[in-house]
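One structure follows; several queries about it will come next.
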Amino acid sequence: ETMTIAAAADLKFAMDDLIHNFKSTHPNDEIKVVYGSSGNFTTQITQGAPYDVFFSADIGFPRKLAQMKMTASPVIPYAMGRIVLWSATRNASKMSLSSLTDPSITRIAIANPKHAPYGQRAEEALRSAGLWDKVEPKLVYGENIAQTAQFVQTGNAQVGIIALSLAVNPQLASQGGYWLIPDSLHSPMEQAYVITSHGAENPLAHQFVAYMNSTPARAIMTQYGFVLPSVATTK
Amino acid sequence: MMFLSDGDLQSLVLSLELAGSVTAILLLIGTPIAWWLAHSRAWWKVLVSVTVAMPLVLPPSVLGFYLLIAMGPQGPLGMLTHTLGIAPLPFSFAGLLVASVLYALPFMVQPLQNAFEALGDRPLEVAATLRASPLDAFFTVVLPLTWPAFLTAITLSFAHTVGEFGVVLMIGGNLPGITRVASLQIFDHVEALEYAEANHLALMLLLFSFLVLLLVYARQPARRQDGVS
Amino acid sequence: MMFLSDGDLQSLVLSLELAGSVTAILLLIGTPIAWWLAHSRAWWKVLVSVTVAMPLVLPPSVLGFYLLIAMGPQGPLGMLTHTLGIAPLPFSFAGLLVASVLYALPFMVQPLQNAFEALGDRPLEVAATLRASPLDAFFTVVLPLTWPAFLTAITLSFAHTVGEFGVVLMIGGNLPGITRVASLQIFDHVEALEYAEANHLALMLLLFSFLVLLLVYARQPARRQDGVS
Amino acid sequence: MSDIVARFRLDRSGFQLDVDLVLPGRGVTAFFGTSGSGKTTLLRCIAGLERAPEGLLSVLGEVWQDQSTWLAPYRRPLGYVFQEASLFAHLSVMGNLQYGVKRTKSGQLTHFEHIVDLLGIAHLLQRQPQGLSGGERQRVAIARALLINPKILLMDEPLAALDVQRKQDIFPYLERLRDELAIPVLYVSHDHHEVARLADHLVVMEAGQVISNRPMSVAMAQPDQRFQRDEDIGAIIDGQVGAIDMPWHLARMDFPGGGLWMRDHDLPVGKKVRLLILARDVSLARHPPEQSSIQNSLQGHITAILDDTHPGLALVQVRVGTSLLLARLTKRAATALGLQMGESIWVQVKSVALI
Amino acid sequence: MSDIVARFRLDRSGFQLDVDLVLPGRGVTAFFGTSGSGKTTLLRCIAGLERAPEGLLSVLGEVWQDQSTWLAPYRRPLGYVFQEASLFAHLSVMGNLQYGVKRTKSGQLTHFEHIVDLLGIAHLLQRQPQGLSGGERQRVAIARALLINPKILLMDEPLAALDVQRKQDIFPYLERLRDELAIPVLYVSHDHHEVARLADHLVVMEAGQVISNRPMSVAMAQPDQRFQRDEDIGAIIDGQVGAIDMPWHLARMDFPGGGLWMRDHDLPVGKKVRLLILARDVSLARHPPEQSSIQNSLQGHITAILDDTHPGLALVQVRVGTSLLLARLTKRAATALGLQMGESIWVQVKSVALI
């Protein structure tokens, strides 16, 4: 059996581990993963893309698909996304949002709030902290959260607001450090997955979805910085 | 390939396959278009000329988006393929081909058009008086005399297709072994912060392309000045 | 512009500004490079030729990433600008310019190189016997005679820069009014599923580019065959 | 039916070609006319390179163009030597020569070496056209056209770039082509010498129109400044080799009316020849000469006294046997001699040329 | 110091130019030689278009090239007419003509109309080069080179594509250029007529080398087949107009040794002229002629009897006064006349040309 998963880019590290773990019980099955932007995947799935399961960074996209009757399962939340302040050149764990007004910080990278879920939460947090107007002139926008991280990593932006799941990655964790932005400052960021109509007949897709609720899977997710929804709600 | 993973290697092969096919197809369809543009006296040929260059102006992923819609089940191209009983174009190698051909068309047409215009009619006239039919003359006179322009056209089309990302991502869906070309693979590496892998693959891609292009250039005949002398 | 928002309009203006400047700069630096390539007899000029085309082979955002490193505080270019007391290139219009010029270079160089080669030495020789210095002859003889190739080079460079997305995003940081060109704006619209806005802006972009290119083409002098007759 | 019929009308800004010609289907027809008179344009129409809408063209009984027919240039069995250089730059000289041969049905190369030697290009075969001098290029172009065994040969000032010696070398081959192969040659030239030597038929053009179309011998006997330089006015006479004086390297050419001695050309007795006797080489006398270096004296009758190109000169037409000769002399001399129509007179021919 | 000194060595695959020349700093020097002998290459070296590494070139006292000097082509005050067409395709005829004028310091256009008329291109000024016939193009190219008032004019077979009439029209201007402006002209030609008419000095080239370099009059009196067609062998003599016979449109040209009547050219009495007397137009007789149309008889002494180009012919050199004339006759006639060195003999000149 084979199946293809379309996964939001912030899942990259966790998903590799999940699949590795899953395959230990399904040694003969082949699982392909494609990482990318959730918006793109949504468009592609409406045009018949051969993805069996879609892990979105934002619950809005799978819901949209469900409305269009292009899904073969309920929309299942799998995590609450969290954002952090991160720097490659300074110790960000000692910072807070108000440090962003420091004049030595000339560039702050966030994902584009216009369409990137993490960017929207970053903007909300800055606004809630009353800092938006002060820091806006320093902002640069990445197309997605990975590019945002690159702006910071290359030193071109001193600080960035990125996903917790990225910040705990050893590659980034070894540089600087991060400061978790309180989730009270932004609306909850529900992340969810769904089996597409393409995967409806694929038993492997259903098995993988079932696996996501297993203890080992939840452990991996937690390890990569995802905050699990306490109860798997169904909509 | 000691430092390339299987996936990387696969994507590399796919890239070269795609770029090679696109270039070959463009030679077939771009050459007659360029010829027509060079020889027609229709006033609206300027419009055609500019139109051919137009796809360039859109950001590739946006162009890819429009193409995806057009090729999708509700799009005109999608309906056509459906009626003809052909497999749908999106998320297939064939779809990549169609999209890349469209996108790289101006790189083939414009250099050739210039060369054909600069060549003039005399070499064809001479060939005709030596019993060569127009087609014969094209292959035995025009082609060798405009070889540098073909070289440029091939170089630009090939390189551009290898490096194409937005269109290819949108239409192809980044499917391993089918549409995940090297440019997507490198991008994925970079996005996943796998810089070493990205560097290796990028290096290999550059190297391969360099070799392919060098091969093309190496077959360049001695420099010439005019068609006839 | 009844159906364009201020942001859209601003991005459009920025795009045309960028494409115009890039094309102008490319004319200045691409022309001598093409001239050298056309006239040098060094064996390694093929390498230079192929190298100029190499940036094309990388996916634009990956190229952008490498450029970002090079222009960053630790990169060679970044250190240079720092030493010279120039503002850092990333996230500035100047940075976009540099990156786009690099990326579009082959589109300028290759058509010109072909044209210069095809023109041969005779027109320059004739000009020299009529007292024209080489520079004078370049502007009064070579330029008008190779105008179609310049047209192609301008078209391709311009269109390609307008449509550039990956490099521009990486280097520019999508700053409204500074580096948010139309291609980024359209992409953002599409990603945000604002298809109507995307369509409008794309249409305007196409229209503007079409007009600009048409204008360039309209100035094309009567067709000619060879440099001298 | 074995003639060439050509009727073309072509409008250009500032120029109009308008011809209606019947040309002989064999021999060399020369097209003569000032620069810009339309000679090249006419040849292009015949080759099908220029498409005159209402044109008519039939060559040796085959219709190449009329209301309903249009034979594409590459289907017309002709050879064309262009006015300017036209060698393919991407082929060596050898490649250029073989280009047409390969595409000719009877693509035999039996006369390859012959033609190559004739045009003195054997040492150039491996060279590229760019490195050739102007004359070398044109010689290759001529060889290339000859090698495809055309049914008609169109030559647009093919020798303009050649030196005298090369011209002399090529002439005999062109003459043999005319005589042996019997293929018609349409030959554009500015050079009266070339025309006089080569042509059987002469077409004079001016401003896109044909102003004269007649056999060479007729054209020669009726001096026409548009065509002839005044030094070149003379008579053409058909004859044959009558005797050979071996020790003195001389040959006597006999024609109806007498015989003329000229330098020997290694032709056998009885061989038919065509002679050019320039008016400037003919003088008149009342009495047969004695002890002059002029050896060729004939007796004839004055048939006409014509104005010449200069007011001080006269052309006197003299019938010798059945042949007409022309003599040029000053009017003062003509008057001093008291020349009268019908009178008997001695003709002294200083020099005769074979053509 | 007002000469032209040129020393060049240039290696090409299969060809080597190796010349060391001193040429007169005024008048027309003709370069004559077979196709491929290096005439064009030499001219290109002089113009600086070809860079011969160890070359030396000084023109009228100015060094253009030596070990330490290299004057770029565009700084050399010369005019160049190329062998092939060379009009700028992007400029009208007018634009082509003005191109050089605009770049010349003394960019006055006083003689513009004169030159344009002379070359018969006034009606072409607004045309594009592509639409011109071969001859029209070359006429424009000549005009363009003349218009920049060069200090030296290089012409590479400029007239090859022109018809006889146009050539005749251009000659007087070239002659005036030579005589009045005193600028030297280096003139490559295949056409012996052109050379004979125009040149004061003759350089014959073969296989990249100069095989003869001498004044025209010397070259003419010593027949050389490499340079002359045998019909063109003759003597050049300096003289002046001695008398005019108005009613008969004749003029008498006097030279040391006598006078010769020729057609009138509207030249005033006393005007210095140069005469070409072809050997073929000269006959010899023991006695002065009576009642012949040949009017020009002179008495002289035989100074040499030379072999001619054909074994049946002889060239006889006769001194008339202080001038040397050449007569061509068959050996048989020479023997019949019993010609001996030093003998007195009557020379009859059938025709004289002004050059």
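Letters A, B, C, D and E mark the chains in the order given here, with residues in each chain numbered from 1 onward.
Following the convention adopted for this analysis, a contact is a pair of C-beta atoms (placed from the backbone, for glycine too) under 8 Å apart; a residue touches a chain by one contact, two chains touch by 3 or more.
None of these values were measured; they are calculated from a predicted model.
Any chain touching subunit B that also touches subunit C appears here: A.
Seen from the C-alpha centroid of subunit B, the farthest chain centroid is that of E.
Using CA-based centroids throughout, the chain positioned farthest away from subunit D is A. Averaging C-alpha coordinates per chain places the centre of subunit A 36 Å away from that of subunit C. Separating the CA-averaged centres of subunit B and subunit E is a span of 60 Å. A straight line joining the Cα centres of subunit B and subunit D is 56 Å long. Put simply, the C-alpha centre of subunit D and that of subunit E have 26 angstrom between them.
In subunit C, the residues touching two or more other chains are 61, 65, 122, 187, 190, 225-226.
Each of residues 40, 43, 147, 150 in subunit A touches at least two other chains. Shared contact sites, meaning residues of subunit D that touch two or more other chains, fall at 85. You'll find the chains touch as A-B, A-C, B-C, B-D, C-E, D-E.
Of all the residues in subunit D, the ones that touch subunit B in their complex are 47-49, 72-74, 78-80, 82, 85-91, 99-100, 103-104, 128-130, 137, 144-145, 148. Considering their complex, residues 65, 68-69, 71-73, 88, 90-91, 169-170, 173-176, 180, 188, 190-193 of subunit B touch subunit A. Of all residues in subunit B, those touching subunit C in their complex are 46-47, 49-51, 53-63, 65-66, 106-107, 110-111, 113-115, 117-122, 148-149, 152, 155-156, 159-160, 162-166, 183-184, 186-187, 190, 198, 202, 205-206, 209-210, 213-214, 217-218, 223, 225-226. Residues 37, 39-40, 42-43, 107, 109, 112, 114-116, 139-143, 147, 150-151, 154-157 of subunit A touch subunit C in their complex. Residues of subunit E that touch subunit D in their complex: 12-14, 33-36, 40, 83-85, 123, 127, 131-136, 139, 157, 160-166, 190-192, 229, 245, 248-250, 261, 263-264, 280-281, 283-287, 289-295, 310-313, 327, 329-337, 348, 350-351.
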